[in-house]
Amino acid sequence: MAEINFLEIIDLLGTAAFAISGARQAIVRKLDVFGVLIISFVTAVGGGTLRDVLIGNTPVAWMRNEQTIAIILAGATVTMLVNGLYRKLRNTLFLFDSLGLGLFTLAGVDVALQAGFSPGMAIALGTISACFGGVIRDVLLNQVPLIFHKEIYASACIAGGVLFFGLRYLGIDNTVNQVLCICSIVLIRMVAVRYQLSLPPIQKNTNT
Amino acid sequence: MAEINFLEIIDLLGTAAFAISGARQAIVRKLDVFGVLIISFVTAVGGGTLRDVLIGNTPVAWMRNEQTIAIILAGATVTMLVNGLYRKLRNTLFLFDSLGLGLFTLAGVDVALQAGFSPGMAIALGTISACFGGVIRDVLLNQVPLIFHKEIYASACIAGGVLFFGLRYLGIDNTVNQVLCICSIVLIRMVAVRYQLSLPPIQKNTNT
Amino acid sequence: MAEINFLEIIDLLGTAAFAISGARQAIVRKLDVFGVLIISFVTAVGGGTLRDVLIGNTPVAWMRNEQTIAIILAGATVTMLVNGLYRKLRNTLFLFDSLGLGLFTLAGVDVALQAGFSPGMAIALGTISACFGGVIRDVLLNQVPLIFHKEIYASACIAGGVLFFGLRYLGIDNTVNQVLCICSIVLIRMVAVRYQLSLPPIQKNTNT
């Protein structure tokens, strides 16, 4: 019971964070109101939707739950209206985005475990849930997805997922474990951005 | 009975309209025969396919129905052969495209209602059915989807969907209601294009 | 029994071939390790995943089978490590890619037949299985999909699919038929590339 409520809160917070970050990117690209709403929506639910479609969990999550749509509309609308505040809120928004990343990874792992998948597959599905909303957003904005060539992003999700199964193996309480892993993902992401860490591009030696 | 037939005709007309408009765009981008067929196909069935995948209505609609494929092949082939006639048929093709938009919105609303979704979700699914074929087409042609930054397009679908539930609430006969709403969508679209109306981009004040 | 094993080997060989070709393209575009793995993965399983999602065959194939993921990881890793060998292996890699194309087409046709689809739909699903991994790869790399404007690629799959149903009608043994059709697809592709054959773009006469 407590766990279900915790996961619901996870889901709503993560959704709001991603909706706001998606709306911001769409505004920067000068889309109209409808475009901003759609990009906001896709960023927030794209990863979970892809996960649900791949495992056959339909209708997909956001269609079973009016709250999700309400939160996204609210997040996108506020972002459009208070856009002048962007510079002031920069750090808060980055924290939101990192929280969304951690929250969605663990929610995805949970869905995968409930559907009977192995730990490896659960980590993959958690990473897809967390990262592919941003991938679909970038594709719609006609860009090579950011996470393929910049920043520690998906790697943080994978690390968080591995940690989750490690702690689970040690018998840690599930909710405590989820909170710990979400915090780890947020931390990895923050350290990576602060110190501008990123995965190296694969060097192609064209002379050999 | 009459209603089923009406919806089938809706579907075939809308499919032909979208196939032709998709083929035209692919030709402008100098794709080969196969590319034109695929873009034509994706434009015509993409929205309905996404709707069906999201609600778990599989195999998706066009796989249950050989007619759809036949109509698309015919539409794309005619477009490739009579392409010289483009300027003469410009207005007719625009009418077709607008009709497809209205037709697909109402067909999507109908599918959603039969699957037990709420009016709000039905309007969303109707709009997805009508607009996302074009979104997928634009993504494949490597463009930011037109409907995110130009023209009244999705807004017309949403308005038509709202009107449908208003008239339904007043007890209007379903088929009459569908025809009325399709006409409204076509009308909104035509007025918008004639007077070059579009949603404003969200202004980003970068100095505050 | 023999047929099942043959199809499994088909699947693994085709997967490795596509994973390697996908990894190469991602490396050329200077993606990081994670980006190379995802593009490699998407190229290898994207077509089959789209096929499975469209027919409602979920969880999709690669989620039911840890071998697929292992093979892709191995293929992508080797490609990242031995990248200096690219020029030496150019012809081998092209052969792999062509083999993957033939192998995936026939595997897709087989899945479609087992799901009760008509020959026409089976050929379409086989072509989707073989070609749409590359389409999704190109979309993620922010390019107009190669197969829409260059080279004989999908056409070879369609020809192989038609040949399969022709020989099947003549009563040829299924496994023999599959091998023959895979070889035909490889052959068509090789001849097309050798002699630089491609489908013509549709000519748009803008003066009439």
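To keep things simple, chains are lettered A, B and C as they appear, and every chain counts its residues starting from 1.
The rule is short, and it goes like this: contacts are C-beta pairs under 8 Å (C-beta built on N, C-alpha and C of every residue); 3 or more make two chains touch, one makes a residue touch a chain.
Source: prediction; values computed, not measured.
Residues touching across the chain A-chain C interface largely differ between the two copies, under half of the numbers being common to both.
Note on chain B versus chain C: their Cα superposition corresponds to a rotation of 120 degrees, in steps of 5.
Averaged C-alpha coordinates put the centre of chain A at 30 Å from the centre of chain C. Among the residues of chain B, those touching two or more other chains are numbered 53, 56, 139, 142.
The touching residues of chain C, counted against chain B in their complex, run 53-56, 115, 117-118, 120-121, 124, 135, 139, 142-145, 147-150, 154-155, 198-205, 208. Residues 26-36, 38-39, 49, 53, 56, 58-60, 63, 66, 69, 80, 83-87, 139-142 of chain B touch chain C in their complex.
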